[in-house]
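Take a look at this one; I'll ask things after.
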Amino acid sequence: MMTEKIPVAVLGATGSVGQRFISLLDDHPWFKVVALAASDRSVGQPYANAARWVLDTPMPAYARDMVIVPASTDAVQAKIVFSALHTEIANELEPAFAKAGAAVCSNASSYRRGEDVPLLLPEINAEHVQLVKHQRRNKGWSGCIITNPNCTSTGLTIALKVLDNEFGVKKVFATSLQALSGAGYPGVPSLDIMDNIIPNVGNGGEEEKVEWEPRKMLGTLSDETIELADIKFSVHTNRVAVIDGHTVCASVELENPVEPETAIQALRAYAAPLSARDLPSSPRPVIEVRDEADRPQPRLDRMAGNGMTTVIGRVRRDPILDLKFVVLSHNTIRGAAGASIYNAELLVKEGLL
Amino acid sequence: MMTEKIPVAVLGATGSVGQRFISLLDDHPWFKVVALAASDRSVGQPYANAARWVLDTPMPAYARDMVIVPASTDAVQAKIVFSALHTEIANELEPAFAKAGAAVCSNASSYRRGEDVPLLLPEINAEHVQLVKHQRRNKGWSGCIITNPNCTSTGLTIALKVLDNEFGVKKVFATSLQALSGAGYPGVPSLDIMDNIIPNVGNGGEEEKVEWEPRKMLGTLSDETIELADIKFSVHTNRVAVIDGHTVCASVELENPVEPETAIQALRAYAAPLSARDLPSSPRPVIEVRDEADRPQPRLDRMAGNGMTTVIGRVRRDPILDLKFVVLSHNTIRGAAGASIYNAELLVKEGLL
Amino acid sequence: MMTEKIPVAVLGATGSVGQRFISLLDDHPWFKVVALAASDRSVGQPYANAARWVLDTPMPAYARDMVIVPASTDAVQAKIVFSALHTEIANELEPAFAKAGAAVCSNASSYRRGEDVPLLLPEINAEHVQLVKHQRRNKGWSGCIITNPNCTSTGLTIALKVLDNEFGVKKVFATSLQALSGAGYPGVPSLDIMDNIIPNVGNGGEEEKVEWEPRKMLGTLSDETIELADIKFSVHTNRVAVIDGHTVCASVELENPVEPETAIQALRAYAAPLSARDLPSSPRPVIEVRDEADRPQPRLDRMAGNGMTTVIGRVRRDPILDLKFVVLSHNTIRGAAGASIYNAELLVKEGLL
Amino acid sequence: MMTEKIPVAVLGATGSVGQRFISLLDDHPWFKVVALAASDRSVGQPYANAARWVLDTPMPAYARDMVIVPASTDAVQAKIVFSALHTEIANELEPAFAKAGAAVCSNASSYRRGEDVPLLLPEINAEHVQLVKHQRRNKGWSGCIITNPNCTSTGLTIALKVLDNEFGVKKVFATSLQALSGAGYPGVPSLDIMDNIIPNVGNGGEEEKVEWEPRKMLGTLSDETIELADIKFSVHTNRVAVIDGHTVCASVELENPVEPETAIQALRAYAAPLSARDLPSSPRPVIEVRDEADRPQPRLDRMAGNGMTTVIGRVRRDPILDLKFVVLSHNTIRGAAGASIYNAELLVKEGLL
């Protein structure tokens, strides 16, 4: 498809999400990593020395000898910039890169709520990417910022999209069991999680994110703004002793109640919008529905579709609302680095680079 | 208080709940273990040989040399019989013991739904124990059967009792994160739970139990029957890599909505009914409310009140209903062996033995 | 290379090692699975129903609908038969298959000590495979039995081979930290290993195996017998909370003591015998030596060379003997299913099928 | 025994060893905690706010409201000072306290090798405490410094003492499987140890400590110096997914080889020196020998003797040397805080305060 690969960079390259970016960009058919940026204490070192690699797949050869540069628009020259930065740093740096002409595909939460910033899961709201046109006019940027949601919102929102399309969703109660890699490295001390769970995630903003972000992604783009979906959310978040893979237990009220079998059929039949369907990172399939009474399970199902597929199980009647089910999504692939890369691919496909 | 200790027996003494009974009955001020019963393959062996001890406290000295007897009314002579039997076996044996004159204090689920069988958590529904009078008349038994609820119902129901008393409870969404010891020994294979969660418990009846049992315990005793509380429940159950301690995340709708602070005050102020207050196993306090944003945690909080206290935290507004909170309860102490012992103490206190 | 694939079967197909066979044989360039055999209670069922899949890679499509057959020479028609049978069953069945003409490539311990049975790690003792000629004459079989060692012997023996070749090995003290998958499924109960280690493996024969098997593999084939290597072993085995990957800490006395750097050079320079070098399952490289002070680690290093490479680290002076080091090997790939497949490939390559 | 309790302080009170000191000193019959000292960022705060409590027993009531003071001789007025300081800080502060008149009972490694500093495990080398007389003359201190060994040396040395007394010990090969609490808090990141082991501990000095410290403790006090025992050690250290309890696998060469049964008898018969026998923290018994083939195990055995007993198992012949066995010791009780307290009690008993 491409005659020449598009130069891309990773900001925050040494952290655990940065590592996933580097791993997923290995041999990417469209993109070529030309710069790895990290904090001052890593700058100047070969990546292999600077990063404490935590993935169970080896560090890609291309990255080992790349010398880390500062995360500045001077030092990083790339058409696409993947941001695995911490929020406070992303707040400042992402607009600077967008202004300097880069398409910033961000995993940070800084601009997810921006009125002219697409919050994307291409398999469900690819059309929201058009918002970048408005963003560019608004801000006078030649680049742009596009974002992906919080890793816990991800799988849940994909499941809800199908149900909302077909039957209308009114209310959602959701409880998460989140993996350790979501906290980065060093992240959660082992003494805090061995023989234990922690009934809260992060510094407390996690539940609010999961109660708000799906409403934007399930919302309607019209007239250069996104109208939030009129769905109510109540969310509990928990950290559990799992390396990768966030599980969410959900109870849902529908406008047009259906039997579980009908919902399962709809979930299985779902296909991504055309523009998001055949990209290198497109999930294949978008959704897998398991029939077993004890699935999905993080260790067994997180790598479905190379970690991009949303796995759903235990779709059954809810005694108060209409349906109960369980959703699993790989939090550092579909829920973080893979998400930003998929977003970048959509941007290219839509000619918005 | 007692001049002579009451002879008691443990049925199913070698299993993990049986072990908790043996441990908690060590030096009990009112009870003396006179018989340990188990399945045929253990009969005739000293307990120390027959049981694969899984608790992290040592096997009590009194039990080591007791020779295991069959679980029959002939072999077991005791006023109180603690049942840690599997359901199918309990179905048959418990009535036989009751008929033979024993007070069967059961942790099995066999008779929890029996119309004349008390399902007890003495700190909240001690008055239900009076149902045994009716049971005896009904069945013509000199003994009786009294039961404690499923370990996941336990903490949740105690929390709900206080809220229901004060503000009225209408609906409950609950998601559990349950400990491994709830599955007994050998129970959950390590390959199933390492780096994993299982989004279902048991063979599937667990959620239905937790959706029904609290309604009986929160119900009203009148005219020799218990009217189920008119509260709706929707429950998800999960198994997590925790040894002991079940955590439940709950969202609750109230008849008279209140601020979290008011609910916390009520939870902290709660005292058990007089008859259940000063028994050897009474939880002290009944409820502990933690203020930290990340508590209760199983490893840190399960032994509150020697494993009998219900620990609650994160009491906050629910965006759809009224309140959200987290409840922790030790599943093999308050939720199993400790529960049956506390029930037996209540029976004695009320002169119903 | 092959015009037509060789028909192979897996005995004990539903267990955890059986699953690895099925996974590793997916798309094998030389072999085609024509039969899956298991115990009576699985016979007649499609594999997808009969097996409780525990690997984190999906069940290969080819296996899902294969109907399980009994492990008998009538029901199983294949040139090569991979045995993941339990010892007692292997005792009887493997000779029956060999007599019936099949090349039995066994992971069971039954015949490892047989005087005419090769115990193989092709990258170090490929020449021992010639023993099957003698075995066939001896037993009058058209088929044969060849075996791979215990999973804990595997990595250690490969490391020792290099040191023995170059410097002579006299004594070995080894302590293992073994993964849970080595015990099969359901295997180790979670209550036994959470927040715990077990300072023994199996029913006690494990240490004796690791003290004896390397001596055979490091021995010399001459005149139709193998002379055991004159090396002394002392072994401690432990089970730890790791899913896959056995770690061994070793202290070694050499005939010609060398500096750690010299040993590292020799380990890195090692190449398999020519006949074992370019087979589909050949480890690439045979040995990887890590320089970091805290490697190898099971989670990070077990998949080196697709799980076939032996990873060594911390090569340093021993204060009593000569060298200390740490060896890691994937126990169900290099140490079990992958081992038997590699053995089968060697058999084919040497024209001994 | 005491008419008035001796005022004691804890330096480094907020860390995980500091927490054990506070827990073990709750209701101590001889000592009363009068000061808790920690780093600047905690000074001035009530202990309950400053410490992130990681023990599974509740924070003692006495400590909750104590206001943290700086770790200086001005701020801390106590006869006995328990040091849970980091090495670099202990280097400076411990002599300052000793000079100011305090008996410093230290868990830090700073002065363990000091020629006039006792390295104590009272149940085996109580007489070494007399070295403080020499230390006081030497340094002109009214106070003193006494130390306990590294947590991994502890159990091993106690086992070796008995064998050395009775049969003479010549060589020791030891491999440790160490608990996470040994690394303090936050310590080991969960991503480093879930489904993993780390074949090294600390920054590399651990093995050298365990190869040297036992030689001092097993050495002979004469003429104001300790002659190191002439025993050779080779040690491998590993970190495993265990919360508390260090396990060591040991192979030992004896001067007068004996059968395992004889060694077991000697281990069981061992009694502490008279002066160390009836102190509040004396282990009861000093050593417990388990007969089972799979014990000791950290989760089941670490609390033997309230965490002060050394548990030994699998005493058997070693195929190269004479004996193999497994030792377990609670690393933050017998191996750290409990050790320093036991040392302090010995100091009092011997009139050396």
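Observations
Per-chain numbering from 1; labels A, B, C and D assigned in written order.
Simple rule for what comes next: a contact is a pair of C-beta atoms (placed from the backbone, for glycine too) under 8 Å apart; a residue touches a chain by one contact, two chains touch by 3 or more.
Every value quoted in this text rests on a predicted model; they were computed, and no experiment measured them.
Ranked by how far their CA centres sit from the centre of subunit B, the chains are topped by C. The chain pair C-D and the chain pair A-C differ in C-beta contact count, and the higher one is C-D. Look at where the CA atoms of subunit A average out and do the same for subunit D: the two points lie 48 Å apart. Subunit C has its Cα centroid 40 Å from the Cα centroid of subunit A.
Looking at subunit D, one finds that residues 54, 194-195, 241, 243, 299-300 touch two or more other chains.
Those residues of subunit A lying in contact with subunit B across their complex are 171, 173, 175, 177, 194-200, 204, 211, 232-234, 236, 238, 240-243, 247, 249, 251, 293-300, 313-314, 318-321, 324, 326.
For subunit C in complex with subunit A, the residues that touch the partner chain are 53-54, 56-58, 194-195, 299-300, 302-304.
Of all the residues in subunit D, the ones that touch subunit A in their complex are 16, 54, 180-181, 185-195, 241, 243.
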